[in-house]
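Dumping the structure here so I can ask a few things about it.
Letters are used for the chains, namely A, B and C, taken in the order the chains are written, and counting of residues starts over at 1 for each.
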């Protein structure tokens, strides 16, 4: 089935990259950066499901990222819950909160939805900043390392593989979803909500599904980052992080799975290159956002695909 | 009673700034359907440029003027370089552009100036005035009077001048305005310039009370947006009323309930308005025609 | 019992009574046409029936059940389907995927199964795809199945919407100006498709301006003017009705439509 091969090549490509990259890089420092890229890719992939496929906007997604991160911090530290269980509970918590907030919020559209999600994200970050008794306040808290069957997940190599394999699975699930009744419903909603309704699609339900799914992806990524860094701060759930996620999704290309990874890679690697000019980070980010939205609105991957499609002609 | 009055004065003062930010939002939104997230940055520029000019030895009135002009120039540049080129883009794209502009301006401010908090002496002395058991700073009165003056001036502009009427026409029906010869692109540029000026004046006036910092823009923009939404997106009078209400809710909330979550009030307002009455206090509900 | 029954339906937009006191009953197997000048409220009427606008007055009954304020997706589950005057195609999806969305009601909706791509989902996809292909063939678009809908010509898109609406396996299909903007060849194609649909037992309600088409295929015609019912009857009766001629057909058009009837 040629159609299926066309969509599943993405999974294969990502798997190959993950498998081969360690042999191509000189030091484990690069594996650390790669692990960060993989982790952010998972979050951006989830956001892309919501924005690129279902066509809804969320400017507060770091809130869910933060829920995952603080779950694996607070659970072991204050409740004696083992890290792996805290992670699972974090995912469930993010999903539940997304469900509760999503039901009223997803009735909104366009910039109303954008601002509502913005407010949601900032409120979540505010809770992390203020409830210092649990969360360590503005300075954050340390995170106990993940221990599985006696083995401690520590270091760039371990987290490279953990996040890499998880990314491949996340991509697989996303590709599965796209060519399924749910995926078609989401894409239909994006193109015409009205037509979707009269064809029997319960639009409210599917928007909620996309929202919850994207929240769980984000929470997983957040938990991974916290466990990797052994540290979590409220900035993890902050407004700037939400905007970074959206920028990664949009720059890579909304509606493109590969685009999510490209966008995440670009905005993760860039600050690494600019560490010398750390103060210029905001200037660069703002500039990139503006330039891409004016000149390359479709995003990198779809634009390249468009170019390649036209060349034979 | 004195406590209540104190909160009232503080709430109105900070609410006046939110009102100015909301007014700026409204002007730009009416002319171009764009939600300008960089609105808060104009307030920041007003305060920061004034401080650094004063620190460089320039007398306060001139420094304030320089700040005002800087903000207006940046507002126009924002329109010409970032908004105009993206004409016809989806609301989300435009939001990302203005957020990008906000982040950009913030980054520039952090580099050109610094990351510290700054202030300069109040205009009419710092001796608090006693009113009914509470005190109010002279600067607060200046803020309130300044806001009132701006609102009146704007109203006069909209109703008495040709440019103002052009703006009202553009806001009502852009195509029709173009068809009768109004240069709508220029009108949008004017709305950006005016918004920048209004925001900058707010920043200039309020810095002696709240201090200024490269980062104040973000929260201000969001709270100003909450105010604009509360008043009804696109209604200038609503924006002002919304700003005062948000300021009062915030101050009373911080005073009587919890000061840690002071900033949350504006967001709760946003969420509340969006979910309960999206058209705001003075707006009208829309109907989608298929 | 009528398939679709509308009683005293009314809605206002601001001060305008867009639809006022409209009532009719459509019997199974009919091709029921709604005609009238522009602004008569025909599309608004469709939007009221298909649940997109809540009526201010009146009732809509589907097979005897009061469905007046039911959400559109619930109406679809009860056998109502429609197309749109201004095309609401899923432009980013291929033609066949557009039609597959119409199969949504018949597909199992377990999201977890979809995420994991269980064998049941694979079988489901194959089944939906096959049914969609059949429908595309029915409307003559079989060759364009994999093309992105955005690349199809206008006439093809009109037929695509019909195929998509049929994918829900409706008992009654509302067609909103299916021949709008179509040339003579395309209109003949639409004509043939509607006849095929009716032959399969689907009740058709048609809003149309093309009088030749309307007079040719309709079993009954309901005339709207300024939101109110002007007349109802067979093609012959409507053609001869002086009020209808005055408001809409015009003496010439009345004669023209008469030619089409022969």
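Simple rule for what comes next: contacts are C-beta pairs under 8 Å (C-beta built on N, C-alpha and C of every residue); 3 or more make two chains touch, one makes a residue touch a chain.
The model shown is predicted, which means the values in this text are computed figures rather than measured ones.
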item: Remaining connected clusters, assuming chain B were absent and nothing shifted; value: one piece
item: Most widely separated chain from chain A, with each centre as the mean of CA atoms; value: C
item: Chain closest to the middle, measuring from C-alpha centroids that were averaged per chain; value: A
item: Averaged-CA centre spacing for the pair chain C and chain A, given as whole angstrom; value: 41
item: Euclidean distance of C-alpha centroids - chain A vs chain B, Å; value: 32
item: Distance between the centres, which are taken as Cα means, of chain C and chain B, whole angstrom; value: 49
item: Touching two or more other chains - residues of chain A; value: 194
item: Residues within chain B bordering two or more other chains; value: 290
item: Chain C: positions in contact with at least two other chains; value: 52, 84, 88
item: Contact set on chain A toward chain B in their complex; value: 51, 57, 59, 104-105, 107-108, 110-112, 114-116, 118-120, 122-123, 126, 130, 194, 239-240, 243, 246-247, 250, 279-290, 293-294, 297
item: Residues of chain C defined as touching chain A within the complex; value: 50-52, 71-73, 75-77, 80-82, 84, 88-93, 97, 100-105, 107-109, 111, 114-117, 121, 124-125, 128, 146, 164-165, 167-168
item: Residues of chain B touching chain A in the complex; value: 35, 81-82, 85-86, 89, 91-97, 99-108, 110-111, 218, 222, 225-226, 229, 260-261, 263-264, 267-268, 270-271, 274-275, 278, 290
item: Contact footprint of chain C on chain A as seen in their complex; value: 3, 173, 176-177, 179-185, 187-188, 190-192, 194-203, 209, 213, 255
